[in-house]
Amino acid sequence: GKTATENTVHSKADLEGKTIGVQLGTTGDSLASNPEVIKNAKVERYNKYADAVQALKQGKVDAVIIDSDTAKEFIKKNDDIELLSEELSEEEYAICMNLDNTALQVEINTVLTEFKTDGTLDTIKEYYDGANAGENKFKADPNADTSKGKLVMATNAGFPPYEYMEGQEIVGFDVDMMTAVCQKLGYELEIDDMEFDSIIPAVQSGKADVGVAGMSVTEDRKKNVLFSTPYTNTRLEIMVRK
Amino acid sequence: MGFIDSFKQNFIEADRWKYLWDGLLTTLEITGAAVLLGLFLGFIIAIVRCTYLKTGKMKLANILCRIYLTVIRGTPVVVQLLIIYFVVFASVNISKTFVAIIAFGINSGAYVAEIVRGGIMSIDNGQIEAGRSLGLNYRQTMTYIIMPQALKTVLPALANECIVLLKETSVAGYIAIADLTKGGDIIRSQTFSPFLPLLSVAAIYLVMVMFLTFLVGKLERRLSANDRR
Amino acid sequence: MGFIDSFKQNFIEADRWKYLWDGLLTTLEITGAAVLLGLFLGFIIAIVRCTYLKTGKMKLANILCRIYLTVIRGTPVVVQLLIIYFVVFASVNISKTFVAIIAFGINSGAYVAEIVRGGIMSIDNGQIEAGRSLGLNYRQTMTYIIMPQALKTVLPALANECIVLLKETSVAGYIAIADLTKGGDIIRSQTFSPFLPLLSVAAIYLVMVMFLTFLVGKLERRLSANDRR
Amino acid sequence: MIDVKGLKKSFGEIDVLKGIDEHIEKGEKVVIIGPSGSGKSTFLRCLNLMEKPTAGEILFEGKDITKLHEKEIDRVRQRMGMVFQHFNLFPHLTIRKNITLAPVKLGLMTKEEADVKAEELLKRVGLPDKADEYPTRLSGGQKQRIAIARALAMNPEVILFDEPTSALDPEMVGEVLELMKQLADAGMTMVVVTHEMGFAREVASRVLFMADGYVMEQNTPKEFFENPQNPRLKEFLSKVLV
Amino acid sequence: MIDVKGLKKSFGEIDVLKGIDEHIEKGEKVVIIGPSGSGKSTFLRCLNLMEKPTAGEILFEGKDITKLHEKEIDRVRQRMGMVFQHFNLFPHLTIRKNITLAPVKLGLMTKEEADVKAEELLKRVGLPDKADEYPTRLSGGQKQRIAIARALAMNPEVILFDEPTSALDPEMVGEVLELMKQLADAGMTMVVVTHEMGFAREVASRVLFMADGYVMEQNTPKEFFENPQNPRLKEFLSKVLV
């Protein structure tokens, strides 16, 4: 019986002067907050994408700016929202670490490059996306070498399919990828869930060794953390009510 | 990074201080309006409850009030805020600030009600008897005799309730309201340095609370000086 | 969608009820440990403050306590939580639950301290004089004469402080702790139906608070019955 | 003027008044004595319906007031003054306001008329210079005289006194009794619960002895004190007249 | 036993004791009288250092106790009992515990010894069956007798009484004075502030009159009451002996 207000956003240009929901500290946040991109936008910064999407469904915001893969996950569960065909920007996800930790960067880059060429990344991704989704889940090797000790990964488990809660476990593409990376390098992976805007400070302060949370590479972030080579391409898109 | 650089980055660059300033205004707006709503609700409920306790009338209204008090005082304000935002006002496109005012006002009303009820009940029953024996009816006795005295005794406690409410509104960010706390969060998410934004948010709250506490103290001294007239 | 379907979706499917159950345990764990820490801090501070007020000793410690009280009571608990998480324990890889216990415990300590101080100060000075006149020293007088009496008077207020703390911990989600409130949020973010998860979270808090309130009432009756012995 | 017929009053299980028949003439001064807990106050409070009788009738000028509605009861009370043991002055109002509040708010006088009346009454009770003081500044005796002035301001046809001197320091009892004597001399109908036997002897037109919820004995003061019949009364008098 | 030399005590601006020289012999019963606010309590409280004198010496058995450390003061207090106007019994402890607490906690007796002593003292003050009651169950007179027993449990060499009967209902004054007489007869050194002139006459070895912070006059009770010299004393006596 509840009907939210009619959608009024049909293109990027329509965003002008509208109320836009984002997740605090994401690239969508900085894009929406940038008056050179969208004029007079009223930005509502939620702590979780899910809350922003909920607000969109209830007509409390006019649009949500969100990464495309995640958007698709939300749309799978909600038949009253959709993405506009027009995209906002192209982005790349990468793993971030402390500015001083070039050694780790080298290690991780080596493994990522290897995974890209040997198809490991694609295999992992196919479980979450594409024609064979849900088949061939990546399995951690219980006897893997952990001689180098713990590697703490800061993430924000509200970002399907990259990281989300399944029961009491944090799962997703990023988790599988990092499990593979750690096995290769000889680390024991430990996951620390936190708010998205806490990830970079955690990495900066040494609370976490890496931040892996579908984090796009941006100039601002580069000043504060070191990024690995990107492991996937993505787009920011506009989600609206149908 | 030195303190000056950090200061510049967190407050000067991109006019980031505006997040704090606008957040402060939002916090004050929500607090102020919620205080008024809370006082309004609280007084009504207190009067209903006292009328029931003293005369046995308004039985049904009293039961409703007790349910309200139990539920509001039995659940966290942040859960109340979420329920009002996502459930009560679901699919109503309403200003979030308004939602917050409603939520915090309803919450505060429960605490105000108990304060005011305590104040009314603390007034000697002989005052009601004196009023009624002169032929004033219940309402007149309440209005001219009981409430003015009760108000004076509860004023400091009500002022303290404002202070509590000011601090409570810091969870407004849960529904993406850019209040003072959220203002600090936004800066934090842009500069990735938690130290200055958090401490300055804390400092602003502290200054406001200390100032209000000072006013309450003055009020209390003024009231107790009046008692000696 | 009917209620039954919605119930199934929110609680049965994918064992989602577990989020609430585990969240409840986390909430109870944080509350319980923070209560203990708060009592510990609060009692120490109250004793320092009273010793200063009654004997003029411990001047420096008293000043430190007053600063602590002013700052903690002057800032919102969620800001304190963030500061302890991001600033105090910035580069320490420490369990978030532990951070929350520290933050809520420190917060509660300030309120406990004022309750206990009020309790101690409410004990007639003649009790101290009687103790000292018998040759007991200050510490012995406090331990055997003042504190047992003060404790009895403040017990209900302390129990109420536990209830307040239980509700306060609902903001633990701010540092991504999966407490009861967050448990509801997780379900909500998966099912996109806010109604049932939010209301059941509220109901669980309500039941706990009502139960504790019932216990406090019993305690009060027990204590006042003792007074009549 | 007042006719009490079969008046009963219980509080829950306790029967306080067990059946009282009494007739009070205009201009009479009835003094009620009796041991503590015998129901004297309750009887007085039933007369102006501050307590609702459990059974029986109270006819005030021929009309049964126990059957009246709230509003009509309020009107009856305007014609019956009451003076309390603990004065019950309104501490937040000046003496003048204490006296004028009821007549003004009830629309019986304008503010100006009431102020004139207050001045007159303050002169009558011997406190003409206290109009602008607050009650806390007065002694007990002064407070009770103001309370009497407040009752008089309504031009009542009868005044009920409930132990008006019991809460006073001994040196202040005299001034209040003196004022009550003046009222009596001026012809006011009075019902007085008191332990002041001297006052009863000197002023009363009739003295009642209450015990166990009944009026056990009544007589002119002379007969009452010199020739008591009831053994309970004899015992009571032997105690209080020491 | 106690030698007071030039004792002065001020509270802020107010000089309460302005210079007192006094000598109290072992076995003496000194009664102090004087108008309210004259510093009687303050003098008594200076004797056991509950108030720190502003100037002057107090020699207890030859030793100036005003110069002592906290710990030594505590030890002096163990030898000087004190009885208060408002009894100050410990409401959370049984009568037995009230009496035995100090001797046991101070290590002067074992619990068993103290219990025997308590039994003996309770017999002496005439309340042998109250050991297991709590103070709230006792009448004022009984409370004060227990307070005296509590002081006696420390085997003090002198007992200071500060208006021990002022807070009692008249019918209970007798029992307490009776007990104090027994103590006096048994040879206890006593300093008593009181308004009970009968007690002073009968029991005192010496009566002091304090006013304005000085001991204005002192004498044997007979001379003191029959032949007062100081005009202030004459006035005072004329008021209290009515």
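In this document, chain identifiers A, B, C, D and E correspond to the written order of the chains, with residue numbering beginning at 1 in each.
Just so we're on the same page, a contact is a pair of C-beta atoms (placed from the backbone, for glycine too) under 8 Å apart; a residue touches a chain by one contact, two chains touch by 3 or more.
Please read all numbers here as calculations on a predicted model, not as lab measurements.
Traced through touching neighbours, the fewest hops from chain C to chain E number 1.
The minimum number of touch steps linking chain C to chain D comes to 2. Two copies of one chain, chain B and chain C, form a contact in which over half of the residue numbers belong to both partners. Taking the mean Cα position of each chain as its centre, A sits at the greatest distance from chain E.
Counting C-beta pairs in contact, the pair that comes out ahead of the other among B-D and A-B is B-D.
Averaged C-alpha coordinates give centres for chain B and chain D that are 46 Å from one another.
If you average the Cα atoms of chain B and of chain C, the two centres end up 21 Å apart.
As a whole-number value, the distance joining the C-alpha centres of chain A and chain B reads 38 Å. Chain centres here are Cα averages; for chain A and chain D they lie 83 Å apart. Taken residue by residue, chain A touches two or more other chains at 51, 54, 201, whereas all remaining positions touch fewer. Contact of a single residue of chain D with at least two other chains is seen at no position. Within chain B, contacts with two or more other chains are made by residues 86, 90, 188, 194. A complete list of chain pairs in contact reads A-B, A-C, B-C, B-D, C-E. Against chain C, the residues of chain E that register as touching in their complex are 48, 50, 70-71, 74-82, 84, 86, 88-92, 101-102, 105-106, 134, 136-137, 147, 150-151, 154.
Interface residues of chain C facing chain B in the complex, by the touch rule stated above, are 70-71, 73-80, 82-83, 86-87, 90, 167-168, 170-171, 181, 184-185, 188, 194-195, 198-199, 201-202, 205-206, 209-210, 213. If you check the complex, the residues on chain B that touch chain A are 86, 90-94, 96, 173-176, 178, 182, 185-186, 188-190, 192-194. By the touch criterion stated above, chain C contacts chain E in their complex at residues 124, 126-127, 129-137, 140, 144-145, 148-149, 152, 227-229.
On the side of chain A, the complex with chain C involves touching residues 48-51, 53-54, 57, 77-78, 152, 156, 158, 165-168, 192-195, 198, 201, 205-208.
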